[in-house]
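You will see two complexes here that share subunit A, one where it goes with subunit B and one where it goes with subunit C.
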Partner chain A sequence: MQELINGLVSGSIYVLFATGLTIVLGILDIPNFVHGETFMIGAFTAFFLVAGLGVHFILATIIAMLIVAVIGVVVEKISFKPLRGAPHVTLLISAIAMMLFLENLASLLWGNYNRTIDSPYTKQVVSFLGSTVSSQRLLVVLMAVLLIIALQLFIKKTKLGMAIRAMGQNPEVTQLMGVSIDRLTSFIFALSAALSAVAGSFLGSLFTLNPHMGLEPLLKGVVILVLGGMGSIVGAIVGGLGLGLVESYTAQYLTSAFKNSVAFLILIIILVIKPTGLFGQGGDQH
Partner chain B sequence: MLELANVEAGYGKLNILKKISLKVQQGEIVALIGANGAGKTTTLKAISGLIRTTGGKISFLGQDITSMASDARVRLGISQIPEGGKVFPQLTIMENLMMGAYTISDRALIEKNKNDVFEYFPVLQERKHKLAGTLSGGQRQMLAIGRGLMSNPKLLIMDEPSLGLAPLVVQEVAGIIKRLQGAGVTIMLVEQNANMALSLADRAYVLEVGSISLEGVAEELKGNEHVKKAYLGG
Partner chain C sequence: MTDRRLRNTWITWIIAIALLALLPIILGGSYILHLLIISCIWIILAQGLNIILGYTGLLSLGQGGMFGIGAYVSALLAVKLGWSFWITMPLATTATALLGFIIGYPVLRTRGIYFAMVTLGLGVILSEIFNNWIGVTRGPMGIGDIPYPTPINLGFTSIAFDSKITYYYLVLAALILVMVVTYRIAKTTLGRALIAIKEDEVLAGTFGIFPPKFKIIAFTVCSAFSGLAGCLYAHYITFISPESFGVMASIDALVIVVVGSAGMVLGPALGTIILILVPEALRFASEYRMLVYAVILGVVIMYMPQGLGCSIGRLASKIVSGRRVANAYIGTSGSNQNLRGANGS
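Moving on, here comes the complex of A and B:
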């Protein structure tokens, strides 16, 4: 039972992270490798709000989402906007440059040691599915579920969500409808970065945060996208939860040393047997 | 209403349009005809602001729009129906129409426009909750036209609306273009199918490798030897 809960908890964080990564890739066709760094900055923002200003964990997470959303917009303007229409490799190189810059800046500013975000729920326990679980871990799962449902409703039911879907299908015709591509791109980056920030804050409250924490989820996020099909939100949900569970059971029944490698083993297997991902129809939609 | 003066534009370093000048007056149907690759779509992209011009001036309703963002041009009343019936295949027919009304917030007006579109194309109403990707080529073209009407355009620009359509559907589209003119919409009609375009239009321009080679009253161009040879099949 404990493995299932562990898997759901890390799976929830992966889902939030990978959903942000997948919307930018699916709608804008941009491989945003800076996503791991906005995740890291989100964790630090929440940490400083809680530790420095005594803000409540949930409020700190919301503020971190808003601040990091703005950072996401700035990242797009600096790293990707000047390269609009350039090949993926160029975008990737630009993203990696920004990624290294932010990681090193964080390490300079905040030091290379581990911290943990305090939450009033960490020390409370509840019983759930017959086991005792910290309320904080349950909170993470619940908030993830709520956020993903809200995101789906937003994309399916609102005018802005409809424009986002249209843009993923044909950016040029979307522009002919009177949609400002610049503004919509900024909005999508803000949304994506906010999702990375909430994932970072959650992770930092359950485990630890440091300036180098962004790389691992980024690589796993890529695995999840390959697993679920590039650009698919449902794929990110299934892939994220799947990876969380597989890791958790691997740690329990094989060895915890192997836990972090299992993602990459899955990547190799998927690339060999079904290169378009389990939910992908053929990779690139454009 | 719309005026292009010595407009130059292209893709990256590739210059396609060489000092294009043309005018569309209120209430007119103006045809722009030209062969494959002449630069018709490129001209339209410059008018809608999808590509930046490298020279010349574009004005609309007396206002210089040369460097205006594309969404602002839609708000001013320019609506373009892209070539090839490009609808959003994963959106429903209703959602496609709502995308067309993106710049309008008055719900009553959207409702009215929608009813007008359904009156022009009843088949769209029957299938309004289906994905646009399930429509036939002709129906997609109708949806693209309907979607273009949803923004209450003052100037409707149509890029090869008859391309790939059965003759009967072409007749239907021609009828709708006439009705729209009657309803006060100014129309710029781009076609390779010069026959249909010249019968509908008041005036016309001929575009050849990025330059306007001929212009005049549509009826007269129809009788022009060069036009007959090159665009009317002899």
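Moving on, here comes the complex of A and C:
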């Protein structure tokens, strides 16, 4: 039971993280490796709001989302906009440059030690289906579910969401329909960065945060992307929760030392059997 | 290739090697020597990636893991079994090449960004094995006291490798070997086949090139170079721990290849000079080193996406072609030059 809850909690953080990664890759065709760093900055912003200004955890998370959304737009303008249409490898290296820059800037500014975001719910405990869980963990799962539902509704029901879907299918025609590609790209980056910031803030409240926390979720996000298919939000949900559960059960019953290897072993087996990913839809033209 | 050009190529090579051999005498200093040795090792590692990325067009992010395999195999054989470096070095190189060959079969079925992700995964798995297989690798504590290469006895004198200067010549010899192999690959049918696969795999197939075979060869050579680099690294530093062979090592190699220009024989050398030596020059501000590194990388990829080597090459050919405009119309040498320039990019 405890494994199920652990898996769901880390799974929902993965889902939030991977959704942001997948919309940028699926719609804009950009491998945004800076995602791990916006995740880290989101966690630090929430931390400083809570620890420095005494803001409530939920409010701090929302403010962090807004601030990091702006950072996401700036990252897009600096690292990706000048290279629009370049091959994946070039974009990837540009992202790696930004990633190294932000990571090292953070470690210069804030120091290389672990912190934890204080939340009023951490110490409260509820009993749930026969085992005890802290309310903070329930809150994380609940908010993840709400955010993902809201995102799905937004993309499926609103006009802006329609523009985003259209752009994923055919950017040129979308532009002909009167949509500004530049502004839409910025918006998608803002959305994606905001999602990574929530994930960061949640992770920082449950575990610890430090300037180098971005790499591991990035690696996991890559696995989820392949498991769930590039650009598919439903795929990111299934992949994220699946990965969370697999990790939680292997940590319990096999070993926790090879946690990352298990994820990547699954990825390699899937890609070897089906070289374009589970729900592969191209993506290998580059 | 005409006789004259062949001779020129040889002369260039000989001058370059002589310069490299004299470098420690010109520059001197144990710290400079250390940088030279480390640079040579990085060039070998990056040259492996250059073959798979620059020539074949496959982005491998598992370079760090292969580097580690070479280092661990050689170090373990030397420390646990007491074998001589001259046995462990070829063994470690062969073992890494063999691993690349075996892994290559399933992994090379994937393409593009999927290949990058599978190899990234391989790198992560290898680094977790180094970290967690405590019984063999001693985990994060690492393996220490790796012996220097055993002295070679020449009868009248013996060459010991416990000093930096002799080790530099050893590493330089390995580097020259790697450069010659790469040059031969680039200039022969194999290299052309690889470039054809990079440009258009399907089209290459219609010309009678069987892509899986050539990709396997490229991946095996790439692994062999990485293994050799790892072995040279282990016996120089004499202490290895998993953190040297993680994802960051793969990223470093990638950055070197791309900044120096992927698909050029001298690309990795140029990339290494910039990315190892320039931050080294900024050591007085060591906490800003990684920031500077990131900025250099960002600027290069933004303004010279083909890499520095290519930009320098283009600049040089512009200067040369200004002089040779008349030649281009008369003889074949001018247009031939252009073709070669196009291949190099």
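Throughout what follows, the second predicted complex is superposed on the first by the 280 of 286 C-alpha atoms of A that agree within 3 Å, B and C clash if a C-alpha of one lies under 4 Å from a C-alpha of the other, contacts with A are read in each partner's own complex, and residues count from 1 in each chain.
We take it that contacts are C-beta pairs under 8 Å (C-beta built on N, C-alpha and C of every residue); 3 or more make two chains touch, one makes a residue touch a chain.
Source: prediction; values computed, not measured.
After superposition onto subunit A, partners subunit B and subunit C are found to sit side by side with no clash.
In the superposition on chain A, A:Ser205 contacts neither subunit B nor subunit C. Contact comparison for subunit A: of subunit B and subunit C, C touches the greater number of residues. Subunit B and subunit C, viewed from the C-alpha centre of subunit A in the overlaid structures, lie at an angle of 90 degrees when rounded to the nearest 10.
Contact with subunit C, but none with subunit B, is seen for A:Thr90 once the two complexes are overlaid on the shared chain. In the superposition on chain A, contact of A:Lys159 is made with subunit B only, not with subunit C. Of the two partner chains, subunit B is the only one touched by A:Ser180; subunit C is not. Touch criterion not met for A:Thr250: it reaches neither subunit B nor subunit C. When the two complexes are overlaid on their common chain A, residue A:Leu219 makes contact with subunit C while staying clear of subunit B.
Once both complexes are placed on a shared chain A, the shortest Cα to Cα gap between subunit B and subunit C comes to 15 Å. Note for the complex: subunit A touches subunit B at residues 159, 162-163, 165-166, 169-170, 172-182. On subunit A, the positions that touch subunit C within their shared complex are 31, 78-79, 82-83, 86, 88-90, 92-94, 96-101, 103-105, 108, 215, 219, 222-223, 225-226, 255, 257-258, 260-261, 264-265, 267-268, 271-272, 275-277, 283-286.
Chain contact summary for the complex, subunit C toward subunit A: residues 53, 59, 106-107, 109-114, 116-118, 120-122, 124-125, 128-129, 131-132, 247, 251, 254-255, 258, 287-288, 290-291, 293-295, 297-298, 301-302, 305. Those residues of subunit B whose C-beta lies close enough to touch subunit A in the complex are 48, 50, 69-71, 74-75, 79-80, 82, 86, 88-91, 95, 98-100, 102-103, 147, 151.
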